[in-house]
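What follows is subunit A paired twice: with subunit B in the first complex and subunit C in the second.
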Partner chain A sequence: MVEKCFIPTSLAEALEIRKETKARPLAGGTDLMVQYKQGQGITPVFPWPVMIISSIGELRGIEKGEDGSVLIRALTTPYEIANCQDVPYPVREAASRMGAVALRNSATIGGNIGNASPKGDLPQPLILLDATVVLKSLDGDREVLLDDFILGSKKTDLRDDEIIYAVRIPKVEYTHVFYRKIGTRRANAISKLSLSCLIRVEDGAVTDFRASSGAAGPKVIRSRETEAILKGRRLEDVKSLIPEVLDGWNRAISPHAMPEYRRNTTRRMLEHFLLESVSASSECIIH
Partner chain B sequence: MIEFVLNGRQVRFSGNPLTRLIDVLREDFGLTGTKEGCGEGECGACSVLRNGKLTTSCLIPVGAVCGDEIVTIEGLRETEQGKCLIDCFAEAGAVQCGFCIPGMVMAAQALLLCNSHPDEDDVRLAISGNICRCTGYDLIVDAIIMASEKGAGLW
Partner chain C sequence: MVRIDDRIRRIDAIEKASGKAKYLCDISLDGMLYARMVRSTIARGRIVSINVPPLPEGYYFVTADDIPEGCANSLWMIAKDWRCFASGDVRYVGETIGLLVGPSLAVLKALEESVRIEYEEMEAAISIDDAIAVKGGPILEKDDIHCSLTSQKGGDIDQILSGAAQIVEETIETGFQEHVHLETNAAICTIEDGRYTFYISCQCPFYVRKSVAGLLGLRPEDIRVKQTTTGGAFGGKEHFPDVLAGPLLVAEHKIRKPIKLVFDREEDMIYSVKRHPSKIVLKTGLDSEGNILGSDIRVYYNCGAYLSSSYVVLQRGVFHANGVYNFPATRIRGYGMATNTFPSDAFRGFGAPQTLFAIETHLDHIAAKLKVDPVEYKRRYFLRQGDETVTEGHIVEKVVLEEMLNQVAEKSGYFRKAAEYRRGSGRGIGMSFYNHGGAFTGNGEQSIIKAHLRLVKDGDRFTILCGQTEMGQGFRTILRKIVASVLEVDMDDIVYDNPDTDLVPDSGPTAASRSTMIVGRLAEEAAMQMKERMSEEHVEIETEYKHPEGHPWDQDTFKGDAYLGYGWGCACVEVEVDKLTNEVKVVGIWSSHDIGRAIDELIVHGQVNGGIVQSLGYASMEKMENRGGHFRQTSMSDYVVPTSMDFPRQEWGLVDNPYEWGPFGAKGMGELVFNGADAAYIDALERALDVTITRIPMPVEDIEGARA
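Coming up: the complex of A and B.
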């Protein structure tokens, strides 16, 4: 079988190839080259045409918008994201804990989203921040909420003539923020569980509260219903509302394996974040 | 036709662009210093430098390195930096079976290129993607710190 493989050097060329052949983009290779490997000395075999997009300069880089949003183009690596102060804390933190040094130099944000693994590290904090995905095709651009774009485990809403161009993170104000990834060891660990939380306290009132869970169901979990429990409440009332929040969150997540462990640990992290936020005197990162 | 710079020389590869870089290095260019351990990017034995940054060559298709600069252990050992690292690994007794060492040396080089005076934590983070089943890492960490001291000015 002669496999089709294209190496476009511009976005325009890539979009043409995508439309004509439905070839799927391959960027860092850190997921796909493992998934379709054949063994030592043997070239990986893919069940569809492939285009290697790693040399397309238009798909690189991070840009800060005038409205405070941050645009991260698809080929940006976790190393670049982790080292860019314009990127919000939980996303930077997640990027800095992906794999180990070499993987962080090769993997891409576009790949991490397109692969849509429930254990992918970047979608979780991005969904917390209501990030959108910018998709390009010869017919034009489309921008959708990442939470809507990822449909489930390994499933996205990507059309077969589209390419993931970038992720846009809107400006989100918060006073306290938290990110934690739980893996079997510090390097090269696939997430067993991850959680991001943020809260915004203004004049003693909670004006925003969000949480998102990774690896606790087929896709990243937000629960607007649970988040609403704290919104608009006085800070001093938060402590007494924690059981209600934990209960709501417990119902929202749907761990596929070791559900008891995942539920307990998620509840403990969420409780820790809320208790620490209530007692913290000023804006801070909760560890 | 895929063209890239390998250990300072312009090279060409005309086979399948999806061929893994490690296979091209070992099979087509005879550079067998780069080892394959897990083949999944987990062990770091196949680490090379791509444009000065550490990369696992088992995960990257050769078609993705067009125009890039690749350095393997064979290229590094010809440089003053490489010689210093190799001497320090020997002096510190950091090598037992040796299988992980080319990857370890590449990881050390990647670290020293961006941080010429690393502390122990920096070194441990830099080699956190490289697995060694013999040494328990301590002597490797010593070797890298020794290189940063003895090779002062090289990086």
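Coming up: the complex of A and C.
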């Protein structure tokens, strides 16, 4: 049950409707239909107008840019993301472990970002890679860092007249990368904790180091301050700097529930990643 | 023609897998109304006022005031204390206060949300410790103890412990567990041919009519109950359907139109019965060589606000508390504690899993202390035929635990791996032993149930009439197979439908692992008599349960043979633990069970697989927390049950040990297979991480606590 429901067939039409009615886009419905369900035998009730955008072809697909960036349009499903080799490893991994098979075929990247759940699977590796969100409105385009777009738990910077058009992942070079999701079980699981890390080593020096934590605070956590500890350092110095990195990271995260587990496990995973990266002989994925 | 050793396809496999089976929510009757419960939102308090918004035409609000004068506002389960409607006060979150009835579910929901109930809230007792401390004052007349009993054998335990060289004492706790039957609770009440009639998803149709008849001053036989195809139960539909049926009957009395009540998943999750959480204090005395001199065990079960069937659950817990072992002396004191949580009730295992987990884990800890292999330590104390039980009875049957141990040890490589995997290495293997007393406690089959079964021949067709229900366990297939095998006819020649209390004799509840063992035997006997009369056109044979000789029991003192026979089990679990994240990967599961003889190996295989996975879920991930009387896990995404990805393919085996009084030598097995994999898992986990674990479930975050 909705006040008003629109089914635009083009992006232009959707933008008009959005501006005029502030109708909220509904795509796969895997979050909204659950959130607004009324129980057995009763139609879900949405407290605002809705537009079903599933049939807008312009919002689909993954495209690789000449600069090596990857543009993933809003209606792209986790299944498609997980199976596209152009998409960087941690994002593919995260997409491949979202929910169950049926959900991975109907959920969308736009929805996962727009929902802004601290336990959302895709924002975490996307924020690691400094991905941006491309927003469209009748007034034009706007592109902002995903990390800035998501303001907090279930809060975004999306304006009343805007639609999430796509996510752009810039080309990020790394020599070692790590992705881990600890779910409530092995499949069809909500994240209890997740972590992505990457490091780039060139001529024996660390030229990039990043980490991002999911489900460890109200939004995905990056700490540029902590990342800076290793940047520019010689590889042989990394080991002695690990305690400083771990402490910095521990200060950055703010898990509400199960704090002991989330802090200790994040610490162990980060330490493991750095130790393995330092001793790895060539570029690789750290497991 | 079918033979008992054939592995056959289940009779209901196609209709269920293809979606053709009709469940309660698929049934619609002419002029049918819907119902929605109005429930207590606090754990304990006095109801000051109930303000119901003006009801649109055709809508009703039914409460305790609608129960006819002189009739009791109570559901007769085993005890009669559970109220149909809360009145004056509320004792747990979710207690039924009223029933809204009308034609639109959406309107009913809106009405429910605008009912305002004013309470004078009182301090609630939620945990076992709260109840021991009588927090908020007594829930019952003078304290918070619903029921208690003591069982013992051997010499004076206090004296034995005071002379022990060493005493190992610890407290082991287990949590709530939700049944998560695929089909939620659901019922329709209507009037057919002038009689109150239920269509209901349930295990025990005869329980339903007995439980609710008194609300209208009727006799049970005045009410007709038709079981509808039931999508899983696990004990959650043994007594709990009464909680739907009672208010529906009162509403039917007032409204006189068909009324349907179907719980959605969230309601079924937070407003239904659970497995009893337990706290078990074990104190075991050892001599200087580490031999057990005696064990003193206190068992506390959280029963919730009403007794319902908890006394019987507690009895089973106490009678299984020394596991499959023969200690020189044991004393077990059991207490069923009253709290302001949703009442706990039947759940596969019925009180046995908690104490079996405790004793297995306790013995693992003693063995670890003594630096001996736990399996070698435990096998010294295995019960044998003729040994005395904790109820001063005896083990009547041949016990083949050694054979089962050898079978499992060989397949799993237990002894090699146990020696090879260093404690704390991240790899571990564990083994557990368990049993389950089949059928009702003591002489309950004789004194309480007196089961009857009828077999009718009409030409070439044979109809089985009894009250046993199919709920996914395979009984529709099992019972036909028993009869078809004896008569040497095809499965298709046998008719056995969902029971209707007007048409079938009462053969007792579908519970307590009794259906095959007890009712299967009645069917076998009926078929054997029928076989002598195959030339006749129409024959009706009724068989009646007879208590087998040599099983004395005194229900007043709980002394004698507590069960007619036991199923026995041995399970082994191997794990690899990721020390970064505490994630546990189960890499092997092996089991052996003594169920007498299998009536159908495919069905038994399904039960073994399901029971063990359910037990592993109980030990690892199925966490149901209760804060202030409210269950915190409200959906299947936060109350997590295992998927097929979580555990590997199981290797399983049976031992042949025919049971004298069961059909084709079969005894109970549905609960047995739940009773032990949890302890094997925790044993393996403890070894892998070199930690001591004293409670379940143990999800990753709680393993963190154990590692600290």
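Keep this in mind: the second predicted complex is superposed on the first by the 285 of 287 C-alpha atoms of A that agree within 3 Å, B and C clash if a C-alpha of one lies under 4 Å from a C-alpha of the other, contacts with A are read in each partner's own complex, and residues count from 1 in each chain.
What we mean here is this: contacts are C-beta pairs under 8 Å (C-beta built on N, C-alpha and C of every residue); 3 or more make two chains touch, one makes a residue touch a chain.
Being a predicted model, the structure only gives us computed values, none of them experimental.
Quick check for you: in the superposed arrangement, does A:169 touch first (subunit B), second (subunit C), both or neither?
Neither subunit B nor subunit C is touched by A:169.
When the two structures are overlaid on chain A, which partner does A:14 contact: first (subunit B), second (subunit C), both, or neither?
neither
After lining up the shared chain so the two structures overlap, which partner does A:261 touch, if you call subunit B first and subunit C second: first, second, both or neither?
Second partner only, subunit C.
Contacts for A:186 in the overlay, against subunit B (first) and subunit C (second): which applies, first, second, both or neither?
Both subunit B and subunit C are touched by A:186.
Kindly classify A:39 by the partners it touches after superposition: subunit B alone (first), subunit C alone (second), both, or neither?
both
Intersection of subunit A residues contacting subunit B with those contacting subunit C?
Touching subunit B and subunit C on subunit A: residues 39-43, 186-188.
Residue numbers of subunit A touching subunit C in their complex, please.
Contact set of subunit A toward subunit C: 1, 38-43, 180, 182, 184-190, 192-193, 258, 260-262, 264-265, 268-269, 272.
Spell out the residues on subunit C that touch subunit A in their complex, using ranges where they run on.
Of all residues in subunit C, those touching subunit A are 25, 34, 105-106, 109, 184, 262-267, 579-583, 621, 637-638, 640, 642-643, 645-646, 699-701, 704-705, 708.
Any idea which subunit B residues touch subunit A in the complex?
So the residues of subunit B in touch with subunit A come to 2, 16-20, 23, 26-27, 36, 39-42, 44, 47, 50, 53-56, 58-61, 63-64, 66-67, 107, 110, 125-126, 128-130.
Quick one: which bits of subunit A touch subunit B in the complex? Just the residue numbers, please.
3, 5, 7, 26-30, 33-34, 37, 39-44, 46, 50, 52, 54-55, 79, 99-103, 105-106, 186-188
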